[in-house]
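Several structures are given next for inspection.
Each of the two complexes below includes chain A, the first together with chain B, the second together with chain C.
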Partner chain A sequence: MAIETILIINKSGGLIYHRNFSESFASKLNSNDFLIIASTIHSVFAIASQVTPKALQLTQNKVDYTIPYIPMVGMESSANQNNRGNPEMKLGSYKGPDYFRESFVSWNKSGLRQLSTDQFTMYIYQTMTGLKFVALSSNVLSSHHTTANGTVDKTKSANLASQVADNFLRKIYCVYSDYVMKDPFYSMEMPIKSETFDKKVKEMVNNLL
Partner chain B sequence: MSQQIIQPSTADPSVRDRSTGYEYTVGPKPSLPDEHMRSPLTSRLYAASLAAGKQQVSLAAMTFLFQEMIAYLHKNCTSVTEFEGRLSAYGESIGTKLLELLNLRSSVAPGSSSRTSTFLSSSSQTSTAAGSTTAGSATARSRSGTVTSSRSGVSASTHTGTAPSTGPASAASHSNGSATADSHSHHTHAHIHQTESLTSQITRMRRRDLKILDILQFVHGTLWSYLFDHVSDDLVKSSERNNEYMIIDNHPPLTQFISGANNRVSCDYFVCGIIRGFLTDAGFRCKVTAHTMPQGTFDNRTVYLIQFDNQVLERENIRFGQASS
Partner chain C sequence: MSRPVSTISGQSGLSSSGSGAPLGGQGRSLKATGDDIWKNKTEKINAELFTLTYGAIVSQLCEDYDRDFAKINDQLFQMGYNIGVRLIEDFLARTALPRCEDMVRTSEVISKCAFKVFLNISPKVTNWSANKEAFSLVINDNPLSDFVELPMDAMKGLWYSNVLCGVLKGALEMVQLDCDVAFVSDILRGDQLTEIKIKLNRVLKDEIPIGED
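What follows is the complex of A and B.
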């Protein structure tokens, strides 16, 4: 999964972080366009939660929002890690080889989770506080798998991609909680300028390739 | 006739009923519950053992606290130097306390139950300590009074409780008395109740570090592993100036989340303060500054530059002149 762009949108719809990782359609947009995209995503997200079918809302409790843990998404391979020495120190305040090691329940229960087009796929991870992490991926799901029973496999791979994206964005959230929230010079809801955060995100995106 | 004239400012009915207010023939009467009637407030802090257990603090919680300290100072300081000075003053009080605590912990004989850092400072120190280790643990096991009291006479001047500024003679005589008294009290204490007291495991106080290199080794090893759970990455003497030493940490844990190299260095002054408080209280007056020097993969590599006062060097020359030069 090639990540093109990562956006972070705060709870009031403002864009607080965006980064392009490759030369593509996204890099042709200027920062003003990204601000518009961010607020548009935010509003569409809000509308989507309103248009959730009533039947689904009523049976809300029965829907399983658990996302399985997929090991080592966006992490360095263990062979590389041994060379660096001291792997524990690398994850900031997180212990162990990975940021989290168990399945989790998505907080994004009524809004938009995934947007597929024939140009790109967009994944949205929402935190409990309304912060949104958006990943634009250049992978197009519909043209990926061509097996005999295409339809079944397609939904399967789409599901897997969405789970990988959720795992990945949750890790970005972990990095955010370390390098942005624990930075005394960051003011809430403002654009993120931390270069350590930038570096960590870039590392994780590169590991994903 | 005791009439309620003054209403106490509390909603607790037990207080209100007991209060009799002001009586003009007697004067003010107590309206609050008698403090001395209550059992003294017990705090876990005072009951806790000083022994070095595996105690860890959540890094996240610590950084949030540290973040608030920095935000507070950042709001109240007008210049960078003032900011760094005040942050370092916060650290100094910690360093002062750590000097006593870590010295006490290092005095525990390695054979006893609690986990201690076996890192002992100088080579001469280790040899004497190694010699006394077996004897020390033996006395700890048998707990015979005569051996310990005679030993305390030998190690009289090792007591670090005395102020370092007092003259050597008076300090020696003072600590002689206090050390023997202490050892006796430890002993009775150990006999009466077998609690997990740190003092019961100490048969001989660790000798206070007198040489610059010894105390720096202590900072580099024991202090660093107490604070950050690892030995600092390097201890270097400056080749240009005689009074400058550097302690290097490749990955300072406390300031790792702070963005911007300049901001991070200013925040490292907290650790500088700890070092300075530690050294100054041990009798080594110095100035400590932080510098960032990225090297290889370590972007946060920080150098703590320690500049000793001239008087420290002079003293060292007079006392250990033959040995060092």
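What follows is the complex of A and C.
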């Protein structure tokens, strides 16, 4: 899964972090565009939770929101580590080799989780404090990609991609809680300027390729 | 899931009321979740360095505020609050626990996960109010107050570990629980117990992020 862009949106819909990782459509937008995109995502997210059909809402308590743990998403592979003679990767206040290693329940139950288009796929992970982590991926879950039993495969791969994205974005959240929240010069709800955070996110995105 | 699921025989059977099976992520008990995260997922620092650093902060505040202990308490609380509103993100990122349905559950998460993960202690939850919206945390081995003896003049006014109240207040507020948090007694002041009282004022329903339910 190639990630083009990571956005972090605070609880009031303001964009506090945005980074492009490749020269794609997203890099053609200016920072003002991204501010607009962020607040649009914020409101569409809220609308999405309202348009859930009543019938679904009534049966919603049966839905399982558990996201399985997928090992080492966005982490450096052990082969690479050995090559550099650096067996232990520093994970801040987290003890390696991975940030977490158990399945978890998504806090985002009725909001927008995934948006698929012909050009890109967007994944959203919302935390209990209202923060949104958004990943834009260039991978397209296209309908042209039909195999023998096309439809089944498609939902399967879509599910897997969304689980990988949730695992990945929770790790970004872990990095955020370490390098942004513990930065004494960061003021809450404001844009993130931390270079260490930037570096960590970049590393994780690159590992995902 | 190799870890054994230890049953929570909560303080005087409180856990059985309301919340049902107190399970953390992956169906484990909260205690197992807290223990696992503390043991395997959290980097440790030297406890004495931590205790001494906190002591240095308090004693410096005493100097700065001319031993006006009411002001020092406020300042410690404020410092704690600022820590709490940030620390909650760390806690949630680490545990990914779902929202608590009531204060009974909240109290268990605080005692068995939060205190465990950050300070490696599990305060006892007691003194429930009749409506189950206020409770006390009794801290037996407060790591902040190792080595500490309060001077005579501070015995009456100073809540030495008041930063903890601030942290709890800030952290709970960020998950939309408006609470009052305050010390009731402190062993340092010659009391029998170190006790923090947490009282829920209201759930900030408007601020619960959309999409949660």
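Assume the second predicted complex is superposed on the first by the 197 of 209 C-alpha atoms of A that agree within 3 Å, B and C clash if a C-alpha of one lies under 4 Å from a C-alpha of the other, contacts with A are read in each partner's own complex, and residues count from 1 in each chain.
We take it that contacts are C-beta pairs under 8 Å (C-beta built on N, C-alpha and C of every residue); 3 or more make two chains touch, one makes a residue touch a chain.
All figures in this text were calculated on a predicted structure; none of them were measured in a lab.
Asks: Would you sort A:110 into first (chain B), second (chain C), both or neither based on which partner it touches?
Replies: second
Asks: Where does A:202 make contact in the superposed view: on chain B (first), on chain C (second), on both, or on neither?
Replies: In the superposed model, A:202 contacts neither chain B nor chain C.
Asks: Which partner does A:176 reach: the first (chain B), the second (chain C), both, or neither?
Replies: second
Asks: In the superposed arrangement, does A:185 touch chain B (first), chain C (second), both or neither?
Replies: In the superposition, A:185 touches chain B alone.
Asks: Considering only the touch criterion stated at the top, classify A:93 as touching first (chain B), second (chain C), both, or neither.
Replies: both
Asks: Is A:127 in contact with chain B, with chain C, with both, or with neither (first, second, both, neither)?
Replies: second
Asks: More residues of chain A are touched by which partner: chain B or chain C?
Replies: C
Asks: In the superposed arrangement, which partner chain does A:11 touch: chain B (first), chain C (second), both, or neither?
Replies: After superposition on chain A, A:11 lies in contact with chain C alone.
Asks: Does chain B (first) or chain C (second) touch A:156, or do both, or does neither?
Replies: A:156: touches no partner chain.
Asks: After overlaying the two complexes on chain A, where does the chain B footprint on chain A coincide with the chain C footprint?
Replies: Chain A residues touching both partners: 92-93, 178, 182.
Asks: In the complex of these two chains, what residues of chain A are touching chain C?
Replies: 11, 45-46, 48-49, 92-95, 99-105, 107-112, 126-131, 170, 173-174, 176-178, 181-182, 188
Asks: Touching residues of chain C toward chain A in the complex: what are they?
Replies: For chain C paired with chain A, touching residues are 25-26, 28, 36, 40-43, 85-90, 92-94, 96, 98-99, 174-175, 207, 209-213.
Asks: State the interface residues of chain A toward chain B in the complex, per the touch definition above.
Replies: So the residues of chain A touching chain B come out as 84, 86, 89, 92-93, 178-179, 182-186, 193-197.
Asks: Would you mind writing out the residues of chain B in touch with chain A in their complex?
Replies: Interface residues on chain B, with respect to chain A: 58-60, 63-64, 66-68, 70-71, 74, 251, 253, 256-260, 263, 267, 297, 299.
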